[in-house]
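In the part that follows, the structures are each spelled out as structure tokens.
Presented sequentially are two complexes of chain A, the first with chain B as partner and the second with chain C.
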Partner chain A sequence: MGTFIARRLLYSIPVLLAATILVFFGMTAVTDPISQIRLQPNVSQQTIQNIIDRKHLDEPVVVQYGFWLRDVFFNQFGNTALGDQPIWPDLSRAIGNTMQLVFISELIAVVLAVVLGVFSAKKQYSFFDYATTTISFFGFSVPIFWFALILQALATWFFLETGFRLFYTFGQSSFAPENAFIDRIQHMVLPIVTLSYVSIATYSRYQRASMLEVLHSDYVRTARAKGVKERVVTMKHALRNALIPVVTIAALSFGAVLGGAVITETIFAWPGMGKFFIDALIRGEVYTLMAWLMVTAVAVILANLVADIVYGWLDPRIRYD
Partner chain B sequence: MTEPVLSIRDLVVEFDTTDGVVHAVDGVSYDVHPGETMGVVGESGSGKSVTVMAALGLIQIPPGRIVNGEVLYKGRNILGLDEDELRKIRNKEIAMIFQDPMTSLNPVFKVGDQIAEALLVHDDKLTDDAARKRTVDLLEMVGVPNPDRRFDQYPHEYSGGMRQRAMIAMAMANQPSVLIADEPTTALDVTIQAQVLEVMKVAAEETGAGTVMITHDLGVVAEMADRVTVMYAGRVVESGTVDEIFHNPKHPYTLGLMMSLPRVTGEMQKLLPIPGNPPSVISLPPGCAFHPRCRMSEGRELCRTKVPELVEASPGHMSACHFPDEVAIEAKREASVTGLEV
Partner chain C sequence: MRSLRTTRVIRWMSLLAVFALVAAACGGTTGDTTTTAAEETTTTEAPQETTTTPPPVEGDCPDAFCVKYNIHPDAAWADGTPVTAADFAFTYETIMNDQLDITSREGYNKMTSYEEVDDKTFLAVFGELYAPWQTLFSAIMPKHELEGKPFNSYWDDLITLGSGPFVMEEWVKDERIVLQRNENYWASEVPHTGNPLGDVQTLNIVFLEDSQTQVQALRGQEIDMFYPQPQVSLVEEVDAIEGVEWEAGLGPVWEHVDFNHSDPLLSQKFIRQAIATGIDRDAIVEAVVRPIAADAQPLGNTVWLNTSANYEDHFSQYAYDPVAAEAYLTDNGCAKGSDGIYECDGQRLSFNWATTAGNEGRELQFALAQANLAEIGIEVNAAFGPAAEVFADEFIFGDYTVWQMFNFAWVGSPDPSGGNTIYYCEGGAPSGFGDINVTRYCNDEMEQLVRATDTEVDPAARAALYNQADAIYLEDVATIPLYQKPTFFAWNAAISGPKDNATQVGPFWNVGEWTGKELITFGADQQPESMNTFEPDGNLFAAGIVATAVLEGAYTITPDFRYVEQLITSAEPIVPAGG
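Up next, the complex of A and B:
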């Protein structure tokens, strides 16, 4: 397993290099990196010339790429074009904030989805099964911004009715809270509910389908014919097999979500990766955007690695040597 | 004769489907005595597997439904026992070997652990070490080479024949009194089939169990069985000793099965298949279910209107045909067509 992880990490290097090429040349093909800055009336000609010198924009694109690559790997993504501020402090803060949201909401989503999926499959066509199915389809179909707004409206209504603030609808923390931890949780609940609801809807459908398939398989019949208790048949013999597809979906979407839950973070003003991306886009900060793209690429690569490791643990047919 | 160890009496099993009620098993009875092998023969869908699955409570209810009957294990009716009681009987008293060894073992657990589990679930006091030791012995008994190393391998590291040996080891783990083998050789290469049958014999001798050998392969029956039950469309159409069934069949379906069997001795001959297809078990033909395909019944009123009872045609030989004595004449006629002799 150790050699497998080492080898996969080595494989990641060319993938990462390919990502830098796509990111940089894609970006420069789309736009002049400082076109937005040029348009701003209060930016002097001298400032623009300074940026061109600093970012070597008067040199060939390949040379620009070389300088950018050096910044990415040895200089923590370098500095912004306008203002010459380091990108990494803001970016790392955004990563941390998004991690908080995504880890917790994905964890809740996977655990709940597995439980719901298993019970739905065990009690196929029961009231419970139909209820979960209905709620899942609702989760599929509802636009995420609408669901988030409804949650905000409910929280606000609760506050106005009772005068007690249960959940905050905005931001990450209050100014000078009494208890920083509880204050953070009050801020996190609504975005987490929003994010995990959509994930639960998807994952639980996969879990239900794969569990149904496994419960009708020959080896589950063998386990029953052996005299194994039904609970053990379900939780040991069936579940281990039925988890494999769900792990794939969850790990892969986990990587994607680390790039930021753009809509959710924007609505709840959560200063994470999604909001970081939108802000950089609006300000036309190309170097910040490229840093964001690289972080997302790394997240996807790592999530794939984790998925492969979990596979190997669940399914001995997948060999890593 | 000794008391039967397993006795199935008038079992009726139905399944609700969107197309209608499937009469999968329709009044099936047979006995298995200790140490003997009962061959159960029939085409796909004749209800031979469902009979034993229902006996062990392994069919899904619903859509399945046990309408009638008794399954007497050592004189005690086990049909419709609650799940916990049935669990104690499964593998410990009545063990099953399934058709497809490629899918019958759980791909994510070690083969040895899967066999050891059969021991551990029926014996709370058994330690893991003792279970492992016994499992290695079992693997050795069924002819798995290097059993100690094989214990820790996963099913995908086993060949088909080895997997079926492992399944047999699992079935004999608790020294059951009844072994049920549901088409144990069907999914295997011909060269492996003979080996697995040998292992089945070892398992039967080792456990002293009565064996139910479900198959559609008359060769397997001839090789293994002491007595034979022939099933068609959910009913028993003929039963008797293996000699009687092979040399003196009393039902045209049994005769048809034998005429469609290729022979390796003598000249090359044409096979004489049974015409038509097995009937839909949702809407059985009226009268004798076999009459639309029967060479003897053509035009006979009785075959179309009256369901034949399973009655003794000669001592110890039961047949569900209105004209059991004509089967011998028909056999001679068909033999003259094909040059075959029954």
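Up next, the complex of A and C:
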């Protein structure tokens, strides 16, 4: 297992290097780090020159890439262009904020989706199955921004009707709250529900399809023929194998969502990776955007690695060689 | 045994997906979202700058021009230390330190020296007459607090000391900026309004970008006020909320359509005249601006905006007239092709129209103009792009092969000197034209007039010079001015005192006199990167309003575009005796 992980991490190095090339040359081809300041009336040419010197913008692009690469690996992504501010403190905070949302929402989504998927498969064509299918399709069809806005409207309506603040519609915390923990929960519920709902809709469909396939496979029939209890057949023999597709999709989603649930974070003003990305985009902070891209690429690679490890745990036939 | 090859493929696909996500997001980036809205309780401000600039007097001045600042005897920092001439001198020295990333040194770079006449008198000495001297020293820095500190970073997270009615208490990154009432505030009333001080104790500035979230938060009393980019639907929604007041203003931001004068066709005046006359600018204003600011009119001057006392309409000659527009073309030998589009010298009158993508106001005005121009046989095609792309040097300073017509807005200020380089032929722009002359239009006579405004210290004569220059600029149809953009400010009706200030000073211009709530939560659209508004990354709205509440300057700007004294009792422009 250790060798496998080490080998996979080594394989990731060329992938990451390729990502740096894509990110840097892609971004520099379409944006200009100092365009935001140059168009301000009467901007100081000396200040522009200071930025050009600091970021080596008058050097060939390949040389700029070299300096940027050095910053990425040895200087925590370096500093912003306009303000010469270190990028990593803000980025790491955004990662932490997103992790809070993503971990909880993914956990809820996976657990609920597996339960719903398994029961739907076991009770195929039952009322429960149809109801779950309908709710799932609703989850697929509803635009996430609309669902988020509806949740906000409901929370506001509840407050205006009752005078009691059950959930907040934006941000992470209130000013001087009486109980910081409860206050944080009140702020997290709506974005978590938004993120979870769409994931549950997706994962539960995968889980149902996968479970149905496994339940009709020969080895499950054999287990039943041997007199193994149905509960054991379902939970031990069938579910374990049926989890593999869900693990794949959940791992990929996790990596992508870690890169930022852009819409959810923007609507709920949650200062995570998605909002970090949008803010950097609006400010035209090219180096911040590139740092975001690199972190997202790493997250996707790591999520895949975790998925591979979980495959082996779920299905011993998968060998790490 | 199961191969992991599939997983590797998935990994690559997911990486590609990440880049696709980024590309999609880049494509949808915001420009400044515009306007369109409903009117109603709106009290559209009509700023009329009254000339308060004192005329220069002859006196003791060691160089061509001086300004003597008489600092208010009571003016003091929040720690009780008096504001002195040394603070003015320190502010000048800091701004002129070329090792620091100061955004603009304009005006200060015209100073040749200064003198601390006494503790409360500062003399700024200029090597030439400098008319927009009131724009200088708009925020004074505390010498005893900042001296010896690394200015490029020291105020990035916290403005540690100011002289304003509030002090900055903390910036909890990602959550809020908290300002508290300055208990040691030096003035017994708000110096620039004369009104009594208010009772608001805490300002809690939070960050929420989405306009729907802002409206919902205002409705649910999670925020008390916000200052969004006005849009029709948003204004209507806010208007429907009980217990909320709002006000629209017309600020110094003006929308226009530039011609790229390097284009062989657009360099011909009659074609520009045909386009200008062929666009119904009043219909554009009706659709995009009047729903918010009912009094808005098409703009006819690129220096003095409609709400200025110095405004003269220099574009009325190009009022919408499709018959006259076609006549410009036919009189110059152009003929309609089989597709209904005119050809001049064998070249089809088809142009690309660049602007920021995702900006509903700009997309609407493009659609209106496109329809107008199609009627007179001129084709314009949308060439929209994300703000980061169209405002990149390679694009905006590009020649006609990059863009031919470009719709965007200039952010001005009550004193128009900041925009002078729009009219200059030479400067620091990558194209080789004036620093921000993106049109590549040159006219020596006009440029000399604009340059003369820098040294004309008589306000009336200076306004006349600008108007002469603008008359040439617009008679030549160097650009098509569209309209003055509106601003929008909404607040909880329990608060008394808020009043929109559409200038760069912003809605906190009179925050010291607000009353009605101890704690006010303000919803700002974006968290700043730095609090230091002197630096390029400190120019976001949230940093600006904090600076307005915490720092003070020699002058501030009122909603009616007047420069009024804040930290000083008066300032005297001086020319040497006999000079």
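Heads up, the rule we're going with is that the second predicted complex is superposed on the first by the 319 of 321 C-alpha atoms of A that agree within 3 Å, B and C clash if a C-alpha of one lies under 4 Å from a C-alpha of the other, contacts with A are read in each partner's own complex, and residues count from 1 in each chain.
Operating definition for what follows: a residue touches a chain if its C-beta (ideal position, glycine included) is under 8 Å from a C-beta of that chain, and two chains touch if they have at least 3 such contacts.
For clarity, every value in this text was computed on a predicted model and none was experimentally measured.
Undergrad: Check the residue A:V43 against both partner chains and state whether it touches chain B (first), chain C (second), both, or neither.
TA: second
Undergrad: After superposition on the shared chain, which partner residues are touched by A:R317: those of chain B (first), chain C (second), both, or neither?
TA: both
Undergrad: With both complexes superposed on chain A, which partner does A:A153 reach: first (chain B), second (chain C), both or neither?
TA: A:A153: touches chain C, not chain B.
Undergrad: So, does A:L212 touch the first partner chain B, the second partner chain C, both, or neither?
TA: neither
Undergrad: After lining up the shared chain so the two structures overlap, which partner does A:I267 touch, if you call chain B first and chain C second: first, second, both or neither?
TA: second
Undergrad: Tell me which touches more residues of chain A here: chain C or chain B.
TA: Tallying touched residues of chain A, the top partner is C.
Undergrad: Intersection of chain A residues contacting chain B with those contacting chain C?
TA: Overlap of chain B and chain C footprints on chain A: residues 315, 317.
Undergrad: Could you list, by residue number, the parts of chain C that touch chain A in their complex?
TA: Listed in rising order, the residues are 1-2, 4, 7-8, 10-12, 14-15, 17-19, 21-22, 25-26, 29-30, 98-99, 101-106, 152-153, 156, 173-176, 178, 202, 204, 206-210, 212-213, 216-217, 219-222, 387-389, 391-394, 396, 410-412, 418-419, 421-422, 428, 435-436, 519, 521, 526-527, 529-530, 532, 535-540.
Undergrad: Can you name the residues of chain A that touch chain B in the complex?
TA: 217-230, 232, 237, 240-241, 314-317
Undergrad: Name, in rising order, each residue of chain A that touches chain C in their complex.
TA: Going by the criterion above, the answer is residues 11, 15, 19, 22-23, 26, 30-32, 34-48, 50-51, 80, 82-85, 90, 93-94, 97, 149, 152-153, 155-156, 159-160, 168-173, 175, 248, 252, 255-256, 259, 262, 266-269, 271, 275, 277-279, 281-285, 289, 293, 296-297, 300-301, 303-304, 307-308, 311, 315, 317-319.
Undergrad: Okay, in this complex, where on chain B does chain A touch?
TA: 56, 58, 83, 87-92, 95-96, 98, 100, 103-109, 114, 117-118, 121-122, 154, 156, 167, 170
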